[in-house]
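Going by the order they are written in, the chains are A, B and C; count residues from 1 in each one.
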Amino acid sequence: MSAIWTLVARDLRLAVRQGGAVGTALGFYMIVVALLPLGLGPDLNLLSRIAPGILWIALLLSALLSLGRVFESDFEDGTLDILALGPLPLELVAGAKAFAHWVSTGIPLALLAPVLGILLNLDLEIYPALVATMLAGTPAVSFIGAVGAALTLRARRGGLLVALLVLPLYVPTLVFGVAAIGSLLGPEGFLAPFLMLIAISLGAVVLAPFAAAAALRAQMQ
Amino acid sequence: MQLVAENLVLKRGGRTIINGLSFQLGAGQALLLTGANGSGKTTLLRSVAGFLKPFTGELRADGLDDEQELGELCHYVGHLDGNKPHLTVMENAAFYAGYLGGLDASRAQVGLKKFALAELADIPAAYLSAGQKRRLALARLVATPRPIWLLDEPTVSLDTASVALLVDAVNAHLATGGIVVAATHLPLAFTMSTELNLDAQGKAA
Amino acid sequence: MTLSGWVLPWVSALAAAIIAYGLYLAFFVAPPDYLQGEIARIMFVHVPSAWLAMGCYAVIAASSFGLLVFRHPLADVSAKAAAPIGAAFTFLALFTGSLWGKPAWGTYWVWDARLTSVLILFFLYLGLIALRSSIEDETLASKLTAILALVGIVMLPIIKFSVEWANTLHQPASVLKIGGPTIHPSILTPLLVMGAGFLVLFIALHLKAMRNEIMRRRVKALQLAEVARAQAGQVPAAAE
């Protein structure tokens, strides 16, 4: 089992060394969130009402930026072949890499969200709920995204294609994520959507590696 | 232990690459695969590693417990080196020693020494020459003990001295009862080796 | 192939006949809706389209399962042929839904649970078609598209549930409820007839598309064989 942590540690180290990818995703997140008030007008009341949705959608788009590369570089330099020969089944390899993506990209994005909330005049009382829902929902983003990354390894126009394939699958996470935050603005409860969010993330963590590994196997032949 | 192939048929992308191949390799024996480009040498190696399942026929290692997959007994050094450019030489080697065999960095050091890379241990792999990168790939053969070595054109980019290091390492492996299957254009002076020439129809010529 | 060739004209004719009958019932026999008037008759095209849109995805998912688990040779042909047909039915459902929306709700589009789910279903179809067309190797493309289809069928109920949970504007499902449909039979009968007609239409279109795909693959195999022959023949020719 230490093989999993060896792999996760390696991926995290690579993410830090190739600082570009994480930094770019964070920068993209900032720019998109900043762009929206420019397009929608500076009405602070409006912005604070739609802030949860903006923060979630921009996060999904930013995560997509770095997702295509989850398996790509390992596939291209031949490392994936050797990872497949290790003691771990390919499903655990895929899961470990998706987990590393969540730690290196998902969590930073989730932690950046409240900072960007300032740009959108988000109510300060909502901040705990914001961070909690993003931390609960980003595992689904990383793991479902990993399936998309695995499917599009060898495809032309891979980056755009991942977005087309994966964004519809993000809808449940988006819906419950926004609802959980927005519940503090409205009458609905926080707990129900939050639990659904966690359920989807857990489901993704358990099931996505199977689909991703199947896709990887088909392309390693 | 023995590596056995029986009437192996391998297909890729709908095309039959290997058409009814059989061989038997005992401990301490090496198999040299020769043949034109596209004759199926890489496909055969990848199927032993478990990346490609046989269409029909069987590929197995006799004398192995049921729990293990054939791939877990193999080292695979293919056309690509499998080095991460942003990690140092030592970090690359230590990762594989730890991941493939649960071994620590001292074993990695053994592998690096064997292929004359020890002085370059802290250099990022991106700065290495092609030959040095190849040697780094080969270093993992020695760092983590595994019975079956699958080598696809291992001498590409290697100078004469480095080829000698490789031959040394292979012969040492064979002497301890290991098995080697290597696809090669160069004649390689492995002890106890037989040649298997693949023709265009994927059979033994 | 010969069996399907024989069957196809009959199926097509049957589809045309049932749909014609259904349309007659829809326009001349069913009473106008007491709220929306004549415009509600578009439901007789919109609802069966939506049924087929979802049913077609189920066919693709089943074919994908057949490909990955049983390696049935026709499974991939079925999945590949069904995707554009399903996308077309989905688009028809969206389009007729939009036309219905303007007079009924005052706007061409509304983000209620039903329409949103169908829109996402449309995206899933587009994803399948896009993935398949962006991979050169056909065997690989069929496997990966099959995996995507199965991921989609697992996610579809979850997506539907989440969208429904998010808002409820559309009228509740009034045909498939426990305890029987709550629509008056004079509306229900034309609806079911149109549904049956669309189903037979789908069968006809699917059969035709599968036959086309099989023929395309045969042509390709013949061309590949020609290439192989030319290559083998070149060497002795050059030696002469």
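In this text, contacts are C-beta pairs under 8 Å (C-beta built on N, C-alpha and C of every residue); 3 or more make two chains touch, one makes a residue touch a chain.
Quick caveat: nothing in here was measured; it's all calculated off a predicted structure.
Trainee: Per-chain C-alpha centres versus the global one: which chain is nearest?
Mentor: Per-chain C-alpha centroids compared to the overall one single out A.
Trainee: Tally the contacting C-beta pairs at the A-B interface and at the B-C interface, and name the larger one.
Mentor: Ranking A-B and B-C by C-beta contacts puts A-B first.
Trainee: Roughly how far is chain A from chain C, going centre to centre by Cα mean, in whole Å?
Mentor: Distance between chain centres: 31 Å.
Trainee: I'd like the Å distance between the centres of chain A and chain B, where a centre is the mean of that chain's Cα atoms.
Mentor: Once rounded, the distance between the two centres reads 37 Å.
Trainee: So, what's the distance in Å between the C-alpha centres of chain C and chain B?
Mentor: Here chain B and chain C have centroids separated by 48 Å.
Trainee: List, in ascending order, every residue of chain C touching at least 2 other chains.
Mentor: Counting only residues that touch two or more other chains, chain C contributes 137, 140.
Trainee: Listing for chain A: what residues touch at least two other chains?
Mentor: Counting only residues that touch two or more other chains, chain A contributes 221.
Trainee: Spell out, as numbers or ranges, the residues of chain B touching 2 or more other chains.
Mentor: none
Trainee: Quick check: in the complex, which residue numbers of chain A touch chain B?
Mentor: 2-3, 6-7, 10, 13-14, 17-18, 73, 76-79, 81-87, 217, 220-221
Trainee: Taking the touch rule as given, give the residues of chain B at its contact with chain A in the complex, in rising order.
Mentor: These residues of chain B touch chain A: 12, 46, 49-52, 71-72, 74-76, 78-87, 91, 95-96, 98-100, 102, 140.
Trainee: Chain C touches which residues of chain A in the complex?
Mentor: Residue positions touching the partner: 147, 151-152, 154-158, 161, 164-165, 167-169, 171-172, 175-176, 179, 196, 200, 207, 211, 214-215, 218-219, 221.
Trainee: Name, in rising order, each residue of chain B that touches chain C in their complex.
Mentor: 13-14
Trainee: For a test of understanding, state which residues of chain C touch chain B in their complex under the given definition.
Mentor: Touch list, chain C to chain B: 137-140.
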